Structure formats: C-alpha cells, structure tokens
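See structure below.
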Amino acid sequence: MGILRLSHVEVRCPDLELSVAYYTEVVGLIETARESDRVWLKGWDEQQHHSMILRYAPTYGLETLGFKVAEMSDLDEYQERIEQAGISTKRLAAGELGKGSGETLRFTAPSGHVVDLVHGMRQVGNMLPLHNPPPEPLGLTGIHPPRIDHVFLMCEDVDGATTFFTDVLDFRLTEQIVSDDGYQLVTFLERTHTPHDLAFVTGPNAAFHHVAYWVDDWNELRRAADLCAFHGVRIDAGPTRHGATRGWGLYFFDPAGNRNEMYTGGYWADPDREPVTWTEAEMGRAIFYYEGVVDQRFLTEHS
Amino acid sequence: MGILRLSHVEVRCPDLELSVAYYTEVVGLIETARESDRVWLKGWDEQQHHSMILRYAPTYGLETLGFKVAEMSDLDEYQERIEQAGISTKRLAAGELGKGSGETLRFTAPSGHVVDLVHGMRQVGNMLPLHNPPPEPLGLTGIHPPRIDHVFLMCEDVDGATTFFTDVLDFRLTEQIVSDDGYQLVTFLERTHTPHDLAFVTGPNAAFHHVAYWVDDWNELRRAADLCAFHGVRIDAGPTRHGATRGWGLYFFDPAGNRNEMYTGGYWADPDREPVTWTEAEMGRAIFYYEGVVDQRFLTEHS
Amino acid sequence: MGILRLSHVEVRCPDLELSVAYYTEVVGLIETARESDRVWLKGWDEQQHHSMILRYAPTYGLETLGFKVAEMSDLDEYQERIEQAGISTKRLAAGELGKGSGETLRFTAPSGHVVDLVHGMRQVGNMLPLHNPPPEPLGLTGIHPPRIDHVFLMCEDVDGATTFFTDVLDFRLTEQIVSDDGYQLVTFLERTHTPHDLAFVTGPNAAFHHVAYWVDDWNELRRAADLCAFHGVRIDAGPTRHGATRGWGLYFFDPAGNRNEMYTGGYWADPDREPVTWTEAEMGRAIFYYEGVVDQRFLTEHS
Amino acid sequence: MGILRLSHVEVRCPDLELSVAYYTEVVGLIETARESDRVWLKGWDEQQHHSMILRYAPTYGLETLGFKVAEMSDLDEYQERIEQAGISTKRLAAGELGKGSGETLRFTAPSGHVVDLVHGMRQVGNMLPLHNPPPEPLGLTGIHPPRIDHVFLMCEDVDGATTFFTDVLDFRLTEQIVSDDGYQLVTFLERTHTPHDLAFVTGPNAAFHHVAYWVDDWNELRRAADLCAFHGVRIDAGPTRHGATRGWGLYFFDPAGNRNEMYTGGYWADPDREPVTWTEAEMGRAIFYYEGVVDQRFLTEHS
C-alpha cells in the first residue's frame, strides 16, 4: 500500500507553553509526551503517539512533516526511489526522534521541506476501550478534532514538486489551479482517496501555509469558530466552502503565527478519477467558493 | 492496491417500473442504462457507470455484489487465490454483463453470495464539468446520496465468511460482535479505511440484509427521513446512531422489500488499528446505540 | 399581554439527590437554590430564578405548573375570570413558595392540574454579562438546553380542558387531533406564537405526559441522544419529527420516571392563523412523523 | 397585543423581471400577485398575501415597510399616539394598496422611513392543507426561507428613532451599540420576543441597510451560500455569527443592489429582560463575532 496518509507535522513556536495551552485547550489536542524543547500531541481519535510536535524555536514555521507507510519494506523501496531521483536520505531508528517515534526515512523534497516517511510509530490508542466503546470519550475540551487531515505547503516550482510527489512517492493529483500560461499554481495530492493529503501553492520554497485537522461536519466548523472567537484566536477566513475539494474550512492562527485549518466534507477519489482543473480566472472560487475572491493576505501570509 | 471498495449491488424486484421510480425519485439515484429486464443506476457523484442494478425477478433479494479492483492483474491474482481456496471462478469480459460492465471475476463466496470483482467498468463522469465545477449539479431530486457505501449480508457461519474475506480477499476486520460462547455474530470488514465496506450478520446463507449509500451528515439523514415519510416509504429504524462504526443511519425498504440504509459518520481505520469487540450483552448498543436494544424484526427481516 | 409563556414546572421525585444529579449533569440545568425537600433549577439562558422545581415526594409526577404573566394586574383579571368560571383561586405573595418565587395566583384547572400564574419571579440573569457578552458561557455541561419550551398534560376531557384554557386564559389552538366521532384527542395551545406552550392528550385527569426544553437545532438533538445513551438514560423515542408542530424531539425519562423531551423546530403562529386538524387515522404521523405509528407505551406511560 | 411583527417590505428595483427571477428562483419566494409595476411575494410558510413587494423604480432602495397589528382598534390607537407625537398619518382602506393589502395606517417615521401599520391583509394560506399536512410542500426551489424576520434601517439620529419606536409604538430595546461619547450607534428592537424585528444603524436618513428572512438553522445558511455562489449572486458577508442577537447570518445583494440577509438563531426575550449593551470598541464582535471587525463597506454600502 505504500504511503497510507499524512502522519504528523512538527511545528516551530517561540513560546512553547503558550502554544501548548492553545493546542490543548482551544484546539483540544491531547498531550502525549513532553521534553524540555518539544511537546507531542494527537487528535483524540488517533491511535498513534502523535500527529503534531511543537518544537521550541526562535520563530514559527514547519520543521518537518511525516507520512505513514504501511510496511517496513516501503521505507526501503522509497529510499531507493528517492536516491535515484538524486536526493540524499537518512534513516532514523524507532525512538531516535523521541520516545514515540517510529523507524524514519528522512529527506528534503524539491520544494525545500524536510519530509519523514515513518513506520511503526508507537500506538497509544484512542482513549476508548476496545470492548463496547462509547462513540467518544467524555470530557474532551475545545474544538477536539478527531484526527489530522492534510497539509498545505508553498514552493516556487509547484509543477516540479507535484511531479516528485506523484512520480516518486505515488501521490495522485485530484485537482489543480493552472495559470493562464500553463503553470500549476496550486495542486492537490492524495493517498487516502480523499481530495487531498498534501497540497502545494506557489510561494517561497520551504514555506508552510497551513495544517488542517478533520472535524465531522459543517456544524463543528461553527462550533470551532465560536471557540476561536471566545478565546480571542484570530480567525483568518471562514467558515466557508472551497470550490476545489468541495470541502468546508475555517482558518485561524496559532499563537506563534502558524495557520491552522479545521476542515470537513469533500468526496471519494478513486485512483482512476480524472483530475479537476481550475483556471486562473476562477482561482477565487476554487479557494473561497462563497466569496469568489482570494484575499492576497491569504496567499502571502505564511510561515 | 487490490480491492479498492464496494462497486455495486444487483438487486431483484418483481415490479421493475415501481422500483425504478422509487430509486430515481425518492432515493434520487441517476439512471444510466436500461434493458427490458434490467436498469442501471448510480449515485450522482459516482464516476462509474453504476452502483446499483435493478433486475426483474419474481421476488426480492440480492443477485450479486461487486467490488472494484485497482489493476487488471488483481483479477488474476485473486482468481488464483480463490481457486486455491477450493472455490470455482468464472471470467466475464467487459460488456458481457451489460454495456457498462467491466472485466469481471465471478465466484460464490462461502456465505452463499455471488461476488464479482470488477476492473474497468465504464467511466461516465459525475455530472460535473472537469473545469471549474460547482460542488453539486443543480436539479438533483430526492435524497440523492453521492455514492454507495457498504453492504450487509447474512450467513450461517460468520466466522467462516469473515476468514474467507480477510485471508483470501485481504479485507480487514474493524469490529465484531461476539457471542458469549465465542462465535462471531456480526463482523465489519473494510478495504477503504472506513469502518466497513462489507459486514456479515448471522442468518440464512445467501441472504441480504441491506445496502447503504453515503450521505454527508446527520442533517442529510433527517432530510432523508422527511422524504421517506412524505412519499410513504416504510421507515424501519432511525435516524439513529450505531455503537459499532459510530456512524448514523436511517433504514427503510424499497418497494420490493429490499432494505436500504442511508449512512454517515464513522472513523478512519488504519490497517494496524486493533479491532473493536462488542459482547453479546451489548449487541443492542452496538447496533442501535440510542435505543440500546435490537428489534428482532431488524435481525430476522431480510431478503 | 396577559400570559407570556410557560414559566416552570414542579416535578416530584423520590430520590432528590439522584434527580438533581441527573438534571444538572445529564440535562445540564443550573441549580439556583436548595432546601431540604426542594431544589430549584433553570436553563442556562433563562433570566428568571427557575423553570423547574424538584420536590421530594414518595412517587413521581407533576406537582404544579406555572405560566408567567406580563403585568401584576393580569393576576387580578385572570383571578376574576377563573372564579367566574366556578373555580376557586388562591393568592400567594412573592417568596411564599420559596425565596425566588413571584406573586402567584393558584388554582386547579378542569384537567385536574394545579396551575400557577406568576408575576415578578426573581430575576437572576443568564450567566452572561450585560456588556459585550459572548454567545454562551464557557463550561456548560450535559445537554444544557437554554430554556423551557412546553408541557404536555393528560386529562379525560380534552375538549373541556381546551375550552377552559382558550376561553378563560386566552390560549390559542394551533393544532388538534380529532377522533372519528368528533372528540379532541390531543390539542396544542400557544401564547408565544410558537406551535405550543401547552398540550393536552386524552388520559387520566391530573396526569403528566412530559415537559420539554428547547434545544437549538436537529444537531443538538443528536448530541442529546449521545449524552443520554452515554449516561445510560432510557430513551423513549427519537430523535424524530412530529407531524403536529413540525418540530423534532427526543423523549427520555428522568430517574424518577418523569418523561422529558428536548424539542426544536416548529413555525411562527400568528393569532389569526387557522388551526391544523389531524384525523384519528393519521394520529401516528401527527405524533411520530417518521415512524407513522404511535407506540401504545408512549400514550399510556405517564406520571 | 398591538404590533405583532414585521409584516412586509416594499423594495425598489429598476429591472422588475430580473428581480422577480432572483427572488423566486434564488431566494425561493412565492409570487402571489403581479401588476405592471409591482410584484407581490411571500415566504412559503407565510399565511398572508405578501411579505415583499417589488416595485419598479429608476433606482434601488426601500419604498415602505409594514408591521402587522393584532386588532383593527390598534390602528386607531396608534394613529392617535403618532399624531400626538406631531407626525401626520393617513388611512388607506383594504385593497387600496393592491388587491391583497389590508387596512393601513401610513406615516413617515422620524428616521425618514415610510411605515405602514396593517390589519387584515388577505390570508392566502401556506401551501399546505389544513388537514394532516406534511411539514413542507414538495417542489420548493432556491433557498426558500419560510418567512420574513427583520429589517435593518439607517438614520442620522438613532437615539431619536429608537425613542419613537419604543415610546410611541411599544417596541422594546434588546441590544444597543453605544459610542464612547454615549450615543446609540445601533439599536435592536423587538415585538416578537425575538432579538429583533427592527434595527437602526447610524447613517443617512431614510436609508435601507437590509431585510432578513428566517431560515431554520446553520445548515440552511450553508445551503443558502451554496445557492448564491452557484447562481453568481454577490455574497457580502458570512455565513457568520453576530455577537449582538447571537444569531447567524449570510448577507448578499439582490440584482438591484438591495442587501438581503438569511438569518437564524437568537434567543427568547421576555419584556422584562434587561437590554445588552456593546461598547464602540467591541462593535466588530457585536456585528461579526467571528471576524471581530466590521468592514467599512458593510456600514457604508446601503440603498
């Protein structure tokens, strides 16, 4: 099966305590481990050790992102393919990146992002018993999304980054926004048969646009917006619909300035589904279907 | 990737016109082809030719069910495995089962059901353009679920059927209801990382419990119930929640007596997720989480 | 304006602590006062001291129900009208029925129920500041409906009870279920331009069918059902829709056996709106629109 | 009971056919009558002849707004009070303003708006039978709100307009936004025990900010936004929440440039409820609770 899905992101923050308070109390993630300069968090329904690592750093931004692979042998196969593409890789044993971490293949993608492929991250369960479980544990706080959904990255050459992820890592293109002169402005890539696990948008290399967690429906987006407003979290856009992916989202910023999204909706994407193309003139609808235009701030503010 | 997902069901009905009217006007499926004794239908967002075939027959019930495979070579591999398991198979060329049908591997599972594995069913698109599409076509009628979700079958030996589908066809067990003396009463099996694409419940061999289409949220279940009541469709149960799968569902009957479900919710199931087990004493909660008991009619009325 | 709306109910319970725990933790009402044999509760958004009084008693049932009037002079006018109708009344000063109570006119309606008309109940605010309030206080628990909605009572002579409430107390009939021989089986009466503040159903005099609190939408009914199931509260019916009132409801029982409803939806009823009539044959749809039939238990189980 | 609620608005449009197409097909109102220069419309669940009149005019804006009174005698009483306040009035017989119109008391409020108080508008029913009705007629199109909700007007002296409507016409103040130097910037006034039937915001006299129709929940706002985007209707703001009223709304423009809102939510307001006050610094939250700021365009664009 190769790459199963987005596994986790590691995000920088200059005030670790403040960011932990935000991610646990407003977003409602669960803290699973802590060291002096890193805190590990997960969505309540995730079985694995973490989907977000907060790392102390002088500024904000994305340190690494990780994808989960199905088999240990996938790491070997992808290592060979990535090196054949002229990119150097590194293997890290389980636990080397922290107590819960799995066996890891690390490399820097052509987009400038440090990417980990991971197998065997420690399983910690989803807070529910394996016998006769209720649908949700009692006492969750904040927005409490069940799981991570996708990550949006920026790079100068979206065509090139997309080709790397489709050709070398077997991602499939679901949608794209194409400039009038034929370049890909934004691409949506999937491994989970959902509209996107990963997306690229034109911008500086190695830049980070947002990480999205899944919420269950449009009503949960409203609840998320209520909680953000209540806690004084700066809402960037939404609740709104995306033309691309057909999903609904709410964007807001963590205390360090990293953009978060709560996302829901979308469709089922079989591997033989033909990609959807948006023209540059319809980029507004593609991103913000209700507003029909994209605030330049949305495209230029990143970390 | 092997089996991708549930592809379609073929359902018997003694009054073809009445069933077509029901499935197109109340359920809101789209008719894609018609012959004198068969009508092909699909959910509006499905790209492929059909997810339901209505077949004229003197009574109701399930004629066949089909799963979609990713590659033509999957048919060969599964054919070998199935025959090694002592079950005879048959290959049918694309078009042989109707104009839209794909290359098919047909066999009878140990549960008594005729199963097709299909590759290359004709693609007909989802009623939306491939450039700058709106999120939904205008003018859909009835409940109009976007796609098929899962099928619930009955058989005498649930343990045996489950073993066949997991060992030979690579399904994964997500949940099970186990009797006090250790037999599987109900099993939930998936290929899509959702809670179930296929489930077995104890009953007569070859019997059919229900086919479920996906709707987008709890609110759509309410709308489905309003439409069923408006049109005099007999609602069997719900809107309610299932303990097993955590999903929400509404059950009702087509004019021939075949049970339909509209289903939504559930979780993401990685392949390494441990299955959930429900005890016989909690079978009520497992199936109808709100009511806490299962009406015997629900278990004994089938086709 | 006369009678403004349903003000409160006083409900009997043999285990006061257990009932308080249920109404505060599962239903999520707010406790505002307590004496040895009575506890006062309100919905979080109610401005007044209480909408429910739990009274220790050897059994369950309804002790009294109260309606709020707009002006003190309304008490005098209704007192005169009620006595003219041959019913004796009693005046109780503010505080006489407990510290938060208002000036009260008490009488026994022809249906056998003790009814209070109240003016000037103590105002305690809705947990939100009067300057720049958020939409909801943080930290509410359980279902936490904002306010009381309606009460459903039983009596032998529904026609007679309805006439008393419309002629003497200025209620307006919005809907009725009429037997084949022309008697009112169920009547829905309002003062708030909503479908009902009060309803009567045929049964024993002085009997209590249910008290309903308002929740904001269909999604909140689902959340209420999840919480009931989680806490082992016995769900009686729903989430479902009513044909009469068009609203949606969920019925369940408090630990003493008093039926509760969470209700939402409905329409706006101007005073000149013509009442809707349901025939006896359609009584099932009138009460449970999805199921189409009324479980006899629903009609015969009361307190 | 005096004034019951907002009855209707009469709105100007330079292209009557275009506006009728928009209000019937996108908004989904029902056309009930037509003359060469006027078209009458209503929400599907409204019993009376119209809640909106489209009037041909060279530009856009509000021609009149009407409130429904309970009794014919209310017209006489208000006429006396209004004239005592130094404002001249005019009586128009039923039918004089069009075939469906009721007996009307017309005057110009201190805010510069022409206001009608109406009794006895023709009743046309709500498209449902009076016996055993379904909850909604089949075949409604567009957003199809059931009824009108409130109107937002502009004037130079909000304090003065508010005093007139509270003192002379018995409206009650539910919320206000007050400037740092103590003037009312926005006031919310009700007759229906909802957060507002009428509101004033500082601006030019006689100007019209928006008319709002009610939709049933947050999910219907999403559906409304989908329909607006699909039909190329310009969305102005939302779906979002208001701090004041706690409601949710979506703003967009009719083809003539008149602002519409679809609104839902809010609370129950007893007459003895104390008004909520928002400070000028929190005006952003009061109007757009999620965004926290008010786009100047929202305040300055009007008709």
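Letters A, B, C and D mark the chains as written, and numbering starts fresh at 1 in each.
Methods note: contacts are C-beta pairs under 8 Å (C-beta built on N, C-alpha and C of every residue); 3 or more make two chains touch, one makes a residue touch a chain.
Keep in mind that this is a model prediction, so the values were computed, not measured.
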Of all other chains, the one whose Cα centre sits farthest from subunit D: B
Which of A-D and A-B has more C-beta contact pairs: A-B
Approximate Å spacing (C-alpha centroids) for the pair subunit A, subunit C: 48
Centre-of-Cα separation between subunit B and subunit A, whole angstrom: 31
Whole-Å gap between the CA centroids of subunit A and subunit D: 43
For subunit D, residues that touch 2 or more chains besides their own: 134-136, 218-219, 226, 229, 241, 285, 289
Complex interface listing, subunit B residues touching subunit D: 134-136, 138, 219, 226, 229-230
Residue ranges of subunit B touching subunit C (in the complex, touch as defined): 218-219, 222, 225-226, 228-229, 234-235, 239-241, 248, 285, 289-292
Residues of subunit B touching subunit A in the complex: 1, 4-5, 45, 47-48, 68, 70, 123, 130-136, 146-147, 192-193, 214, 216-219, 241, 243, 246, 265, 267-268, 270-279, 282, 285-286, 289
